[in-house]
Structures are given as C-alpha cells and as structure tokens.
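Heads up, the next two complexes both have chain A, just with different partners, chain B and then chain C.
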Partner chain A sequence: MIDRLHSSTSISRRTALALPLGLAGLSAAPRQAAAEPEPVRGGTMVMIVNPEPSTLAHYAVSAGNIPMIATQVYEGLLTYDWDQKPQPNLAKSWEVSPDGKTITFKLQTGVTFHNGAPFTSADVQYSFMEVLKKVHPTAPVVLAELIAVDTPDAETAVFRLANPAPYMMKAMAARDLPIVCKSVFEGTDPLSNPTANKPIGTGPFKFVSWERGQSLRLDRNEKYWKPGLPYLNRIVARFIPDAGTRSAAMETGEAHFAGYSAVNYADVARMKQNPILDTTTKGYEMTPALSVLELNSHHPHLDKKEVRQAIAYAIDRTFIRDNVMFGYGEPATGPLSRKFVGLYTDQVRRYDVPNRLEIANKLLDDSGLPRGADGSRFELHLEVNSFGEQWLRQAEYLKQALAQIGITVILRSEDTATWLRRAYTDYDYDISEPFLSQGIDPVVGLNRQYLSSQIRKGVTFVNNSFYANPKIDRLLGEGRTEIDPAKRTEIYHKVQQILTEDSPLIWLVDVQYVSIFNRKLHNHTTGPLGTYQAFETAWLEK
Partner chain B sequence: MRLARYLGYRLLLAVPVILGIIVLNFFLIHAAPGDAASVLAGESGAATPEYMALLRHKFGLDQPLSTQFAVYLLNMAHLDLGYSFRNDSPVLELILDRLGPTLLLMLTAFVVAVLLGSLLGVLAASGRNGWRDNLISLASLVAYATPGFWLGLMMIVVFAINLAWLPTSGLDTVGADNEGWDEVIDIARHLVMPATALSLFYLALYARVMRASMLEQTGMDYVTTARAKGQTERRIIFGHVLRNALLTVVTMAGVQAGNLIGGSIVVETVFGWPGIGTLAFNALQSRDLNLLLGIFFVSACLVVVVNLIVDLVYVTLDPRIEI
Partner chain C sequence: MRAGFARFARNRLALFGAVVLLLVLVLVVSAPLAYPNNPFQLVGKPLQPPGGAFLLGTDTLGRDVAAGIAYGSRTSMLIGLSATLAAIGIGILVGGIAGYYRGRVELVLMRVTEFFQTIPAFVLAILIVAVLSPSVPSEIIAIAAVSWPGIARLVRGEFVALGGREFVLACAGLGASDLRIIFRHLLPNCLPPIIAVGSLLIGTAILIEAGLAFLGLGDPNVMSWGLIISAGRAVLRQAWWIATFPGIAILLTVLGVNLVGDGLGEVLNPRLRNR
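Showing the complex of A and B:
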C-alpha cells in the first residue's frame, strides 16, 4: 500500500500553517501606488482560506481562519488606519472621558442588517453584554472592565467601565468584537444560535452558501450603507487542503488572493517569478505573534535560570528565520513583538552575541552539569508543534543547536489534541514549541503567559512554564490600567528586561505572514488588519 | 424468492457486524488523549477555564463515559447520528453533503481500475513475453510504485499549470453557476485527475493479477478441450478463460472497495475534493467524536453493501457458486 505509506507526508503538509494565530509586520505606512486606475464594478473574487473554518460563529470562536470570511459579513464599531489609529465604521464618532471610564459612541444612521432589521444602539448593547462578554474567548481579558452599555437613544451607545482599559479601543474592529443583530440572538443561547453558520451582519457582503470541504459564497450587499460600495459582485472562499495545490490554484489564476501564508513560504519565491502574481507583507501590522519555546520549570534542570539562559544563547534565531521561515520575520529579542511600536525595546539582555556558544557552555559547566563521556550533559524531550511541517524543521534545527552545548534533544511528534493535552493539562513535557499570538495589546499576550495567576491546568496557551515572579505580576497589573502612554512604555520596558533576564521562555522569531495576490486584483490590502477586514473597496480588472 | 431470502439473511448478519463496529469505535476513540474542547480552545489561541468548562458541558464531555455510551446507543437506535458541535451542524447533514462526491470519485476510480486493469491484463497475457506484455508489465510496475499524492501533484503541474487543460482542484467551478450539461461537463473535467490518481494504483494491481490469472487458466484442461473443438483463440480467451480469470479480480476488488474509502483521503487532499476522507481526517484531528463515529458507521455500511454486491457478481460469473 504505497499510497498509505505516503499519506502521512501528505497529511502533515495539509495541516501546514494550519493556524494563523497571529502575525507581525514591520513597515508602518504603506500606500497603494499613486497611479491607481479607476475601480471597475462587478466580478467574482476567489480567495483561498486555509484551513477551512469549522464554524462561522465569529462572536464565539476566535480561530484565525474565521475572520477572513466573517469580517466581510460582520462589522465592528471602528476600523483602523495604517497608523493603527481608530477610524469610524459603525460608530461615526466617539469620545473617551478623561478618567478613561466612559466611552460614548455615536452610531451611523440608516444601516440595516442583512435580514432587514435596522441597526441601533440596542444591537450594540446586546452584542457586547449578552453575546461577546458571555461567550467570546478573549472577553475575560478584553472586556473584563466593561460593566454596562447604556443606550440613551437609538444612535448613542455609552460604554461604562470599572477601570480604564486602554487596550479596549484597539479591539473595536470586526475581527475582535463583531456587532450581531439583537433580534436574531434575543432569547437564544448564543453558543447554539441558528445563524452560527449562516451569519447575518451589516457588512458589504451577504452570506449565501457554504459547500463544506469546497467553497463558501458571499454576494454583494445591495443595501450596503456606504454609498457605491462594494465594487465586487461576489467573493468565493475556496478551501484546498494541500499546500501544493493551493499554490497551483494561484499560478493558474483560478484564485486571486491567498492571505495568512496559505501558500507555503517555500513556494513564495517561485510565485514572485510569476508575471500574473505579486506578494505583500502588508496588512499584518495589527496581528503580532512570536514563535517560542516553552520550558517546563518542573524539570530538575530547567528550574535553573542559568540553564534556560544557556538554551537561549545556543540558538541562532537568524538561521531559523532564514531557513525555517524562508527569510520572513525578524529574530525575536524578547517577549514582545516589534509590532508594538513604542512599547517594544531591544535594550534587554541579548542572546545573539558573537561568543554565545562559549557563554552557554560556561553557564552549564558552572551549573554543575558537566558533559558525560559521550559529550552529553542531559536529555530533554521536545514536543513538536503539529500545525505544519515547518515546525518539524525548526525542531530538527533545535536538536542540532542544543547538541552544541551538550543537551541531547529527543523529538516527539504527536497530533494536535495529544500535544496540547501533554503541554497544558498533563504537563508531561520538557520543551514545547508553540506559536503564540500576541493579541491587540501586551495585556493579551504577556498576561496569559507570565502572570502567576495564569498557571491554569487544562487551559491551552497560558503559563505552563510555572513562571511566578511577584514583580512581573505587579508590573503587568499596572500596565493593564495605565492610560498615560509614557508611563505605560516605561512599565513594559521593565517587563521585557526582567523577562529576558529570567528567560522563562525562549523567544525565537517575530513572525511575518505574506499574502499572494493576482495582479488583476486591486485595493485588497487597505489597512493594518489586512484580510481581517472587509474587501469593500477591492476590485478586479476585467 | 431465493435471492430475497439470501439478501435478508445477509442483511441480518450485517447487524451484529455493524453493532460491533459501533461499540468498538466508541471506546477506541474515547481512549485517544485530548478532547474537542481543548482543540477548539487551542485554535482560538486563548481561553479561560470557564469557557472550556462551558464547551465541555455543551459537548456532553463532562458526563461519565458510561452515560455518554448509553446516550450514543440510544441515539443510534433511532438512527440519529448526533450533532457535530465543532461544525455547528447535524452529523448526518455533514456526511450526506460529502457522500455524493465521495461515491462519484470512488465509483469512477473503481470502474476504471477494474475494467481497464482487466483489459490490460488480458492483453498482456495473450501476448505473453512479447513487446505488448513487457510494455504493460513495465507500465503497471511504475504505476504500482508511484505514490498517489506525487502523481496528483505532477498531474496538476503538467495538465493544470503548464498545459492549462484541466482545473487544479475542487468539484466544480465555484461561482460559475453552471446548469444542465454544462455542469456535468464541468464536474467531469474536475474529476479526470483525481479519478486517475486514485485508480492508477489499483489499475496496475488488477492488470498484474489478471495477467497471472489468465496465464494460469490457459493451462487448464478445458482450454485444451476448447482448442481441440477448433474454437478460435479470441473465442477461447473471451468466452472461456476471461470469465474464470475474472473471479480473482472480483475477489480482490471486493476487498479493496473498503480501502478506496481510506486511500481516497490523500487524493481528496491533493485535489481539494470535498469527500468523506478529508472530513474523517479533520474530525479525528479535532476529536469531533460524534462526526467520526457517524463516518465510521456510514463507511461500515458501505463496505457491507459493496461486499454483498461482490458476492452477487460472483454468482453471476460462476454458476458453480450457489447462494
């Protein structure tokens, strides 16, 4: 059964890059070319979404593949410009009170949902208090301070907060907090709402049909409230499990857009040679993410700071960036992505010094962990990330890199469910290599990873290294409510310095995704949220 | 009448088989580590214990295994395959959506493999050790040794990208809104490459089996008798030898009908074909137990039915076999 033998190869390829949990980009102010031709109306844009979402319940599940479709249908109160400053969307204006505890949104008028119901402040109130706050997975962080939404009239929604929440204003786009229709949800359990897979929103495209395993169709919303938009008649999302075939669909022109590295990094160089295609790394500015190593400090050697530092010194992050990520991304210097402009700093303990191997070996020698006769000091198991074959490549490199300082690494590959259980419930691991989204603000990414209160058995992607530092707990608590930007910067600089010194995790690459598009498609990437915002101004050349 | 009684008897026998499969699958699947809630939360990137408890309660994962099993058996007794919480959709609906494309692909590949494979086997055997035999043997060896996914990708490169004759993937051209014959032709164009990739391995296998079987039969006494009666070679091959030689291929085809369901995962993946194989793989990855059990149930039924059909074909081919 030769087919059978090879099925495992193919399967690992099909889950490649399965989860675009987050991304990072660098340039801050990209622009479309100045001589942009006049938009053409009509046409069907085909985009590749990978993997196929399991559900479209965007208000209750925050998997990275859902918003590429859901943000065409659902809208948020705000959107963001290239400088990540809030811009009007369903809210035409807003005002934050000086104490940061009251936010007043003035809403657009004449907006209707796809089912014909008018959009009013009651929908905003219901979406936030009855749906998002109750069932959205990130609500316990992002909406923790929200007490109530008052609706003095149909066009005004007043958010009342217990404490200032500076990060909340960065989460008002459809990607994070979509507005749903009250009349559709009222009196139902939001987790089993019948519109979970037939979304009804106010967006430029209406949900039409979903052929599971193949494609999903969205048609132009004729009654869209922004005059003249959208330009496209239809968007079709195609689901192709195999990475090679996804590339082929772009090369033949069958598909026009593939975001979030739906096309393997390895194929991107070839795509660039194709005259009908082009690539961009823009549109990922608001989705920072790091690839990291989690270290289980319950392991007898990993509880020593010096051992963790030695591991950090042993790894050549530029090598990983160049060979595992095919040149995309930046070597990470600490726990925060460079995307957090202003809050990020590289003034920390640097592990990319020229004599790093020497330092690493000395640290281990001094820790009383001499090399044995075979040159090995001790053994560690590395849990290979199951979300794609690039992580196996990374694991293979790490095995080589740590061998240089006398640590023998044994790779363990298991499927996603088994891996997650081992790393976050059974804690039966030494090193795990996840890829962590950093969210809209350090509050999301840092707090769950380094607060001692986030050591929570059975919860995925939280503090499983058992890191507990009262100083960090205090600083992260302060960063949460500090509204003065300068003070906030100071707090997070300190956090980064302490964490890089303690090295509870090893930070590898500040991840950069890439979009491939057909040159006939224009205006596809119009803001820092990229494919996580509507293609309302996108258009196709005839 | 006798046929009806036989069919009834066989279907009755199928009941304990399928029941056994249901019970075995249920406990095997529950023995796998990890659950749907943790996978779902893992994909979300972040989740609170409250959110995960909420999910587990909704999925019924907080119940003892014995209770889950009792509920499952009760549902199955009503032929209710349950609800896939991950997909927010009834299991039966998900499977039925995929069953059509799977059957289309499987049957096409199956028919092509059996017919063409047998034909090539006959051609090779009748020209034994000649150029025809050598060419067919060599080609079938190559086809037999070529991995399906590689063949699929290479076909995409040649026929979709370079020559632009065929579409790369999918069941039909999405958003084209074809109707009538246009739609049939559209689907057929999409079917060519996956069906070829899936059938080639079996085609090669049947060609080799058929050749060996033909050669074996040629030495039998009844062939000598037929030849002594002065029958033409053509009539001997197609009237006598072929019929007997086919029995081996039919036996093999019956066994491999089950494999086709499993083997199609790779081909479905490469060609983005919306079939049962990828659905099952995703369900396993995400520990979507209801869906997985539903697929196993439907596949088991399919295999039972195919085997029944094969046994009936047997009777038609060889009158010595009685039902």
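Showing the complex of A and C:
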C-alpha cells in the first residue's frame, strides 16, 4: 500500500518506522537526521472515538468503535510487527507443530489483571473456550478448528486444533481475541457480567469511568508488566456526535488523536494545512475493506457473466476513489484487498484497460442486448447504501457510468433496515453497494461472499449474489487448512483469477482509513493494528 | 380584474416577487433547451469554481451546478404546485364538510385536523417519505399531508361564517342540493382567502421539499436544489459555490412566492383594499 501522505517526504519506510510518526511528518527535510526525542512521561491524551460505543463488552460484540478503547485495557497473546509477523505480548514465545494442529504458547510471568488477580494459562483457556468461542460474534469462525486449550502448567497454554488453521495466528491480538480474567467471569453470563462496561484486563491502562454521551477515562496501570510503560498518565476518549465539532476539536488542539476516520474525509484536506496537525494512513494494514457492488444473479441479465463483466468495465474506479472517497484508498482490482500482502495479486482479468467502454458495449451487443431507440438496453435498480451521503454520490456516479454502456440505472434510497432486508432477505434488488470489511484473513472475507454454502437468506453481508461455483467452493476449502504459505498463495491467486473472470461482484475501492493527530503526540501508531492496539508507548510533548 | 391588477402592481414588493417568479418559470421551461444534457451528467473536472467553463462551477463529481439549478427548479415547482393543489383539495373537502354539516361530523373532522396540526410538519413529512420510500410522488403526498390542516380550518371558518347568511338560507329554502349550495354558492365566496393562503403554501412546500432532499429523502433520480446543497455541504469550506447558488435559488423563489402571496391577499381581501 502506497502511503499517499508520507510519499512526498522522501523518508524511507524504515526510517519512518524507527522515528515516532508525528516527527516523521514534521521532519521533511532539515530535521530528518535529528535524533529521536526522548519520550516524556505524563500527560493526558484526548482521543476522539466516533460513534460512542454502546457497550465495552469487547469479548462479545464486534463493533468497530469498541476496540479503540478496549485494546487499551485488554491484551492479546500476540501483537504484530509492520510486516504483520506475530510478536510476543502476553505470550512470550510459541511453537506450531509441523502438522499445524498444536500450538504451544509460553506465557509471560508476573502479569496481573487490574483487579490484582495473577494472569495464568487458566485465563487463556477460559477466554478462548468459554468466552470467545461461545459469545463472540466472529471468533467462532476463526476458532472453528480449536478443540481444546490444555494447561499443563500456569505458564503454558497448548491449543489443540482439529485441522490446521493458519489464519488463527493472525488473530491473536487484543482486537480480535482479547484475554479476560477467569475469576471475574467464572460462573456468570459473560454478556451481563458486571465488568462488561467496566473492563478488567492486563493492559497498560485501567478503566476508571464512563460518562455516557460525554467521555470515558482510562488511567495509567501502575503495575503494568512492561517495565517503564506506559508513558501517558491518562487517556480520555471523547464522544462528539457532530462531525463539524469533531474537526474543530482537532483543529483547536483540544483532542490529540482521531483514528478510524472519525474526522470526515472531506475535512482531512483542511487538517493537513493546519500546522499543529498531521495525518497518517498507517495503522490500518490489518483492517482491509472493499467497497463493492453486489449483483443479483437471479436477474435474467445479471445471470450472464458477460453482462457482469461489462458492468465491471464501465466503471472508472479511480474516479470513485478521487471524487467519492476524497482520494483515499486504491482502485480495487479483484475480490481481495491489497492489504493481504502475499495473497493479493493483480494478475487477474483487468477491468481498467483504456478501451474498457468499447469492450463493455461489445460484450452487451454480443449478449443479445441491443440498445433501444433511446439508447438504453435495459433497466437495473441500484439500492443506495444508507450509511452516509458519500454512497449516494457513488450511486449517482454509477448511474452515469452505466448509462455510457446503455444500462439505465434507477436509484432507490431507503432506510438501513429496508435496504438490508431487500438485499439480504427478500433478494428484491438488482445491484447493492455495500462496504465489506475483509477480516484478518481471506477465510473471513472471501468465504462469506463466495461460498455457495453462504447463500443464507436473512443473514446480512453474506453471499446474496447466488454465486455458486464448485471450483471456488473447493479452493476456498483448501485455503482454509493449507499451512504451506507458498501453496496457500497459489490457491488464493487462483481464487482471485476465477472470481475476477466470473465477476459475481464488482469490486470498487480498496478502502483506506486515515488518522489525524496532533504533532505533540508521538509514537501513537506503532503497528499495523494502529488505533486498535494499546497506546502504551505513546507520549505527549509538554 | 384590471382594477385588481392595478392594485397588485401598486404593491412594489409583490411586483418584484412576480418578476422573480416569472424568471423561475422561464428557468423551468428553458432548462432542457439551455442544458440538453441530463443534469446528473459528469461534464467536466470536479470542483471547478464559477466563472470558468461553467457559469456556476461544478460539484464534487464534476456536474454543472447551473444545469442542476435549472433542472432543480422544475422539481421544486412541480412538487410545490402539486403538493399545494393536493393540500387545498383535501383542505376544502375536510373543512367544507365540517363547516357545512357541523355537529358531530365537524367535531370528528376538526379533531383530526388538530391532530395533524400538533405534529411538527417537517418531522411528519420525513416519516411519511421514509415509510413510502423516497420518490417524487411520495414527497408530494408527504407535503400535502402536512399542509392541508391550515386550509381545512380556514375553509371551515368561512363556511361557518357564510352558512347562516340569507343567500344560503334562500338557496336551501328553494330546495337546492347540498352539493349545489357548497360548490355554487359557498365555495366561490371563500375562494379569495384560499388563494391567498394557498399561494403562501407553495413557498412552504418548496422549503419542505428542499429540506427532504437535503436529508437524502428526495428522489435520488431527480435533480433538486436540496440535493445539490446536501452534496455541497461536505465541501462548503473548499467549494462554497456548490451549496450557495441553489441556496440563493431557494431563497429567491420562496421570497417571490411569499411576496406574490401577500400581494394577492391584499388584493383579494376587501378590508385591506384601501390601505
């Protein structure tokens, strides 16, 4: 992923990583060689979280606004470096058996939860088997192969799998699989546990208070097991419903950090001009998402591969990226985000060729769908995504783009519930324009969209295009258990080639989030999980 | 009639309003001639300031703002006029029946009218459009549904006032049917205030339509002023022209409608004639 924001500063990736990011932006030319400033202790960092979470039960709810707070409190067994390679966290080392069916984690010693209870392998066993596997919405998919967690001693947790699950090792961070305190949860219903909204973890910050509608306070964990950390005394998460006020809070210096596009994309250009602020698109490397068009193949014309391909050819994805997504993201080339480094390939049928409109029109002519007297071949309804007005802009563009190849698009904008019911329950749609998060691995993102078994009436964001290809079903099944990285890459390359050729969906933009931060805040984005990992090494200039 | 026009023309503001409305009507008629392309068409580079290749600049997708305003005037006028006509129809029906028959019928109808009046008009309109799913007909229905109570109360009041007058009693005595009395005698006599109030209603209807479109509840396939403003709002500080020009269009149109409405009210209200 090209970092559009820092590309002008000629700092190599490695330098930018070694330096605190806030400084990397500042030090464009003369100060580049300056030594890394000594971290300063103390201070209160204010971050904007939008929208306000409805709960902090991070182990049971997978809303995107919870982990920004929850990962300060809860920790995972592992964390990830910039190459997305696992790094020790609560587990100091690990070993995967050659058959991929046993993973042995050696745990850190001397770690305590915020309530004073010591952290042991029993907590790991309980978190995975009794909490995450049972009540978490997406963990059961990732942990499907996990049969048991054995605890030979307090410092060892042995994961036993039914089949190899190579993707599991990418989900061990606090964002996806947090470790909770067994003694707090044992014998209670996790969903109504008293600590659901007063989380107790092992993390660098302790939960203090939550004033609904206003702010949430986290204080420094004095007994944090990583020596000398964290630097900050306190983190305050502020909840500001109005987008204009959120931008103003950053511009006045009232807040120091706004991750996950909490500031509207439209305002980001202005923030970049502000001398006290800087922006980064780093920290979202493990948060891939695509904006797509779902095509209902029960429609007589959309059933034809050639028609779907013609639609794919008709769309200028760069235009959407530049004018709808405010320049953030990359034009998508296929079903997989570029963020799946290694698995992604652009060696597929390309729909962004110069003579794409010509090809599209020819495909439609050859499919026996000639233009009528008014230049229109046929009509399709497009369900407008109701999550914000940028999607209406995209729909308006698509209508114009498809008019070029003689497809008349009629936009239908309804409330979220009606849209989702039309698209995923009643299947009363032709084209829908959702935004799909791809999860930590293709197993999460691809399987639910393209497996024939995922045609599940009434379940949102699964296979509603009625795509059923035995070859894809087989390949995605193989990709799930293949532990040899080279073979796995080969499988997913093949999957991307077949899917791009069949074009069951149209892939538009590989979405890129952006963080805005005050230049006084250093070391805030230290890994690919960005805002979804603890601010343990972040520090504020006095 | 001529005297009436002279009286109207003496009111400079009303005359100004009429001129503005005339210009809007010219826009309505000439939109397809001046801009043969569909207003949603991407005609140039996005975010071009006004005065360049495009008179009023282009929006975030590269659509001509001037073309959007021209076509938007058609939507505003179509919805403003149809919704007002529908509201007047419902208002006359409900108010007329209540005012003519009185008694229990009046009690029920007027309570229903009041019920509609107690709900904030815009909120109700949003609700109706959301339920019916956004389209031009559902916008017309929603705006009519929130606009008729005023007319109904007015008509009822006039009917009650006229009901006991000699000419009505005479008609009844001569055996005229209810329908004849209502349509031949009562209604023509209360037409002037209906016209005056109704013309003001057009302005409100245009505002509600713009508001609905601004909130994304307009018909997404039809260009409208509210839609342009909502699209331009996100970039207001970088590209002021996108939201500003349709805003001015709404301001002038509604102002024009209101001034003409006031003028008409003056002309048609005998008590204000000699002011």
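Just so we're on the same page, the second predicted complex is superposed on the first by the 508 of 542 C-alpha atoms of A that agree within 3 Å, B and C clash if a C-alpha of one lies under 4 Å from a C-alpha of the other, contacts with A are read in each partner's own complex, and residues count from 1 in each chain.
What we mean here is this: a residue touches a chain if its C-beta (ideal position, glycine included) is under 8 Å from a C-beta of that chain, and two chains touch if they have at least 3 such contacts.
Please read all numbers here as calculations on a predicted model, not as lab measurements.
Of the two partner chains, chain B is the only one that A:245 touches; chain C does not reach it. In the superposed model, A:365 lies in contact with neither chain B nor chain C.
More residues of chain A are in touch with B than with the other of chain B and chain C.
In the superposed model, A:490 makes contact with neither chain B nor chain C. In the superposed model, A:418 lies in contact with both chain B and chain C. Touch criterion met: A:410 reaches chain C, while chain B stays clear of it. By the touch criterion defined above, A:502 reaches neither chain B nor chain C.
In the superposed model, A:392 makes contact with chain C only, not with chain B.
In the overlay built on the shared chain, the residue A:130 is in contact with neither chain B nor chain C.
Counting contacts by the rule stated earlier, residues 415, 418 of chain A appear in both its interface with chain B and its interface with chain C. By the touch criterion stated above, chain A contacts chain C in their complex at residues 264, 266, 269-270, 322-324, 384, 389-390, 392-393, 395-397, 399-400, 410-415, 418. Chain A meets chain B in the complex at residues 1-7, 9-11, 14-15, 19, 21-22, 44, 46, 51-52, 54-55, 57, 61-64, 135, 137-138, 140-141, 191-192, 196-197, 211-215, 217, 234, 236, 238-242, 244-245, 248-249, 251-252, 254, 415-422, 424-425, 436-437, 439, 444, 448, 456, 458-462.
Contacts from chain C toward chain A in the complex involve residues 40-42, 46, 60-62, 130, 133-134, 216-217, 220-221, 230-231, 234-235, 237-238.
Residues 32-35, 38-52, 54, 58, 86-89, 94, 97-98, 101, 144-150, 153, 156-157, 160-161, 164, 167-171, 174-175, 201, 259, 262-263, 265-266, 268-275, 278-279, 281-282, 284-287 of chain B are the ones that touch chain A when the two sit in their complex.
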